[in-house]
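Two complexes come next, and they have one chain in common, chain A, joined by chain B in the first and chain C in the second.
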Partner chain A sequence: MKPMTKENAIDIDKSVDINNEMTNPQVSSLQIPAEEVKIKAEDVRVRYGEKEALFGINLDIPQSKVTSFIGPSGCGKSTFLRCLNRMNDTIDGCSVTGNIHMDGVDILSKQVDTVLLRAKIGMVFQKPNPFPKSIYDNVAYGPRLHGLGNSKSDMDEIVETSLEKVGLLKEVKDRLLEPGTGLSGGQQQRLCIARAIAVDPEILLMDEPCSALDPIATAKIEELIDELRGSYTIVIVTHSMQQAARVSQQTAFFHLGNLVEYGETEQIFTSPQDERTKGYITGRFG
Partner chain B sequence: MQTTIFTFTVLLLAFIGYYMGRSRAVATVSGDVRKLHSLPRHYGYFVALWCGVPALVLCVLWMLFEPYIVNTLVLSGVPNIDPDASSAVIARILSDVKFLAANGVGRGADDPVMVAAAEHYTHLKTVGTASLAVAIIAFSILGLVIGSRRVGADLKARNQVEGLIRWVLLASSVIAILTTIGIVGSLLFEAIRFFGKVPFTDFLFGLEWSPQIALRKDQVASQGSFGAVPIFAGTMLISFIALCVAVPVGLLSAIYMSEYATPKVRAIGKPMLEILAGIPTVVYGFFAALVVAPTIRGFGEAWGLDVSSESALAAGLVMGIMIIPFVSSLSDDVIRAVPQALRDGSYALGGTKSETVTQVILPAALPGIVGGVMLAASRAIGETMIVVMAAGLTANLTANPLQAVTTATVQMVTLLVGDQEFDSPKTLAAFALGLVLFCVTLCLNVVALRVVAKYREKYD
Partner chain C sequence: MTELKESMQKAQARLKKRHAAETRFKAFGIGALVFAFLCVVMLFSSIISNGYTGFRQSYMKIDITFDESVIDPQGKRDFDTLNRADYGKIVKQSLYDFFPDVKKRGDKRTLSNLVSSNAAYTLRDMVVADPSLIGTSQSVWVMASDEVDMLIKNVFKREDDESTRPITNKEIAWVEKYESENRIETRFNTNFFTAGDSREPEQAGIRGALMGSALTMLITLALSFPCGVMAAIYLEEFAPKNKFTHIVEVNINNLAAVPSIVFGLLGLAIFLNIFGMPRSAPVAGGFVLALMTLPTIIIASRAALKSIPPSIMEAAIGVGASKMQAVFHHQLPLALPGILTGTIIGMAQALGETAPLLMIGMVAFIADVPGWINDPATVLPVQVYLWADSPERAFVEKTSAAIMVLLGFLITMNALAVLLRKKLERRW
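Up next, the complex of A and B:
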């Protein structure tokens, strides 16, 4: 429990104001058994300097499933995603309050080592961002940072299995030493996924992983997400509602820094409870 | 004085032309400005340009050709000049004539031919200036009349003015380019003259440099020797020391400023670093000669080393400090141009800041950094003031940074300072050194700029 400091008190005062103005209590139809909860977020608030971006998010993410975040641009999906691996730490002036537990460990606490945390939580970005290194070195980057694969043969194996898992191995087998930036967009994105799973994470965060890709590359990534689902807990931000419907089991709808509705994907898309969700899904705004 | 008066007259006429053109244009449409093709001021510019430009062109032509015409006329009045006389002899005769004309005394004051030539010269000058004045004023007035005659509602004054502006801009660029070509050309020309006297291979590969040429033929060492190897070796040694200082310090400070510093520190720190680039090199020169060199010598003595008081080390260290801003600000630019996505990628895999910098950012920025270092190197090689003040004069072929060495720039300065004959190998050697230096820095710059540009493309 956090002690009630003066700062907290002010925060809460403010948030009450805001809540009165612009949020309804969130609708959540989802009942996840406690032992299946991988990530538990409680009252997560984020501000960038003076500007508040998230107004108290409560969300449970189940293990070994795909959870998608949808919502109009600027509603805070990426911001929330970045809270989960503490990437917001790298942004000047960004402050995160609230609690996020992963397997019962409070990952927002100061004691948590972000290096180890990020080894457990991989991230894939909107634009494929392979390092300007060889394909091999791209995949080996994470394992080297964390001291995995000490011998050459171990490392080779890690690289090969990671590429195999993303279905890239047979495409790039003969050119592992060529630069990763020379691949096509879709291949680059799969390389980035391989790079993330090379350190054997438990969770994969994907921030609009297909928005820079063509439909065929997108289909491949979606297929891949489906395959990876059993071994990893996946959280995906997407702008495409069809994509959310295709790949995810749970869907959370964000709006203006609030989590408006969270439920089974099927239920969200067929019978949304909240007016705003309904409006967004039927394309009336967003 | 006369030039000033001409200029003012023409400006005044152009000014009058502006108002004439303007008011005439307005008058032709009896005040309804919308009937004019262009704005009233365009008609003003139009007449002013008609008034000023022909006069200006005339003036420029005059300045280009007047000396040649006058010289030819004067020389034709001086009989018995050897037709094969070298240009230097003719130039001396001319300068004697001019001196005589200006002062009434001097060499040849008792030679009637020279006195006559001097009078001829004075006469030509007076007539020429007077006719120029008349011609300029006449041209201006003529331009004023023609220009204002043409003003009317249908005259496309705006387009004509725009067209002329294009020509003016073109002319400026041409001047800049021609000047550069001229400078390079004269460098090349003089250097070729030098290589006519001293074989090219002796210059490039000779190991001994002592350009002093004895005044009397029978003196010892009457033949200077022009082996440039020690000089270029000295240049390289000092530049190398400078880069050894500037590259690590500049690069590390760029990394700090771009990756670690808070925006506040950066806002103060970066301009401070750039102030270094604004210090005049002569100030670095004193600093090298008066502070650094004695200090190094003192240290050396304490360790029992023999340090020259004009050691390469002192000059190189200070030059290194001077080029830190080049390295740091260019590196800073390229480091900041590395996309944030790459940093995020590394952080998201659990990379720490220093791991991200060394394994992702620096490799990505490396081509740009190399380009920056090459630009800094070309700066160091061409730098003059610091080495003139702090490096030695004698050409030593050594790799020991504690000894005095000399550089190409220092030698050029010493070769050209003082009274010189313009066709002795000693003077011409400076052009040859300059040519080699120019080629080296040009290559460095071209390669560096290409590298930097290529790197930019990659991330845009």
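Up next, the complex of A and C:
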């Protein structure tokens, strides 16, 4: 695995990353003004036990935009995403090194309270995973944990606005007390998004949120992502390049644990700089 | 050409052999099944045919004169006097009056043995409740003795030779006189469920054993359920995966296979001798059975926890729950049906356990119904063992009846476990 980094290293002169010219093979055409950077990852390396999964990722994620991660499966997109809210902490034997700053705060530091961190960084998973509880309780769970909505009416309001934001309120208004697992797949996924935004996060991480859904439900989620963009910084992992092209402003292409190319979505899809990106986008591998 | 033919024939022969092997295998399987089923049918039919009469008891109507000179010669009418009076004498008198011809002392003694010694208690309770009965004459239904009961239930057969049955022709004649006047009937044996153990079969009941079992199970459950579930949660979710926890895990699995009598010896050595717990008491029995049940509960609970999809935990952690909150808010409630099923099955095992309890003295003859966990007691399976060991014929039906009660509890518990699993199980 390790020698791959060197083998795959491409023309260094194409690299515009000034900080890490030598170690980082990445092509980045993106210039994000410092004040718009929401998350700054520097040299993030992850290993699962002996196995290295990420080889030094440098990436700036801009505020209030949608950033998508694409790449063949197993390349480390989810792994990197889980670094951003420290979900990797829960995996035995997983170690993360490097720096990740969110609004200037080092979130990998031991002092960071992961509970508060995860209240700020919501997550939506590949497979819709509502709790086997009522729709209401699904949404109310996060706020309850964080002591929000102490009175019944406050909580009702949080639940309703969250469901409203994901466009689910109309559909489930009169069955809030029925189990969330009884909804259709697309509705379940929107319920999960409502659950994530109920604690009023700043960032939403989505790991292939549509891969288990049919095209119509997918379209709805994509629409929703577009609407949420203004209020949240969104990072979405997707295996569908069309989806990345439709919903995101920036796209990062991962390959074998490396960030190969990162740029404006349009640029990545129309004029990729790296051969591997080109190959992936044109469907030659993946 | 011939070669081909030969090889075809050989193939045919092999095929035939394979089919025969398959048929044989199927036949063995079905045979085993039929055999097992027959065994179960035999077991149950033997128990039920022996035991169903245990739930009925013969009663005799005798004419009683509540003689003041016997009960309360001084006319005090206070509780002590009424409670201690010699009601046995009144019962006997009633029988002598019914058969004025019986004069010989030996015959009189045999005659008075037709009714149970329990009859005196019946009279006492009547008089204590209503002292105005003194001086009156009443017809009272009292319990028949176990021999009469066996005769009525046709266990002792009248047509058999006198020498081969424990009841004489003379006694049968007396009983028949009562029968001819419709003074004998069999009723539902409530005494069986309200009385403790007794040396007299007709008076023996399973209340004491039931209470003993209930109290023992209470202790077992109170100890093994929380300990087992906590251990399972810790091992499954929080324990670091190292050599030490691995050894613990292996030993829990080993513990499940330790013969139960060993737990009894352990209980004797530790709970009785070191901690000084009372002998024959449900508290000690409960501790011993809890040790025995723990591995079952831990193993079942871990399996139940493991079966909850990790996506639920991820979801909870994703909205900011700590690991402990995620476990207690989501994983544990979802695993509860499985945990309860395992617990019920473990408890059912403990309920049927005899050997370890023999070691800590729960095998004594105890007539009193235990009131609390440190009273001497016995449990249902040990009661079965004790009665099976008694010489009187009437204990046979008691034994089978007690087995039926025990099996009833076990089947109910297992059915409950299945029902819980069916009802509360969620699918993803």
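Observations
The rule we apply is simple: the second predicted complex is superposed on the first by the 262 of 286 C-alpha atoms of A that agree within 3 Å, B and C clash if a C-alpha of one lies under 4 Å from a C-alpha of the other, contacts with A are read in each partner's own complex, and residues count from 1 in each chain.
One rule holds in what follows: a residue touches a chain if its C-beta (ideal position, glycine included) is under 8 Å from a C-beta of that chain, and two chains touch if they have at least 3 such contacts.
What you are looking at is a predicted structure, and each value in this text was computed from that prediction instead of being measured.
Considered on the superposed chain A, chain B and chain C are sterically incompatible, since they clash. Contact with both chain B and chain C is seen for A:V115 once the two complexes are overlaid on the shared chain. In the superposed model, A:L177 makes contact with neither chain B nor chain C.
Look at A:V105: by the touch rule set out above, it reaches neither chain B nor chain C.
Clashing C-alpha atoms between chain B and chain C turn up only in stretch 37-45, chosen from 37-45, 55-63, 73-81 or 109-117, once the structures are aligned on chain A.
The residues of chain A shared by its contacts with chain B and with chain C are 85, 87, 90, 92, 114-119, 122-123, 125, 127, 129-132, 141-142, 145-146, 192, 195-196, 199.
Within the complex formed with chain A, the chain C residues making contact are 241, 309, 311-323, 325, 329-330, 334, 426, 428. Against chain B, the residues of chain A that register as touching in their complex are 85, 87, 90, 92, 114-119, 122-123, 125, 127, 129-133, 141-142, 145-146, 192, 195-196, 199.
On the side of chain B, the complex with chain A involves touching residues 262-263, 339, 341-352, 355, 359-360, 363-364. Within the complex formed with chain C, the chain A residues making contact are 85, 87, 90, 92, 114-119, 122-123, 125, 127, 129-132, 141-142, 145-146, 181, 192, 195-196, 198-199.
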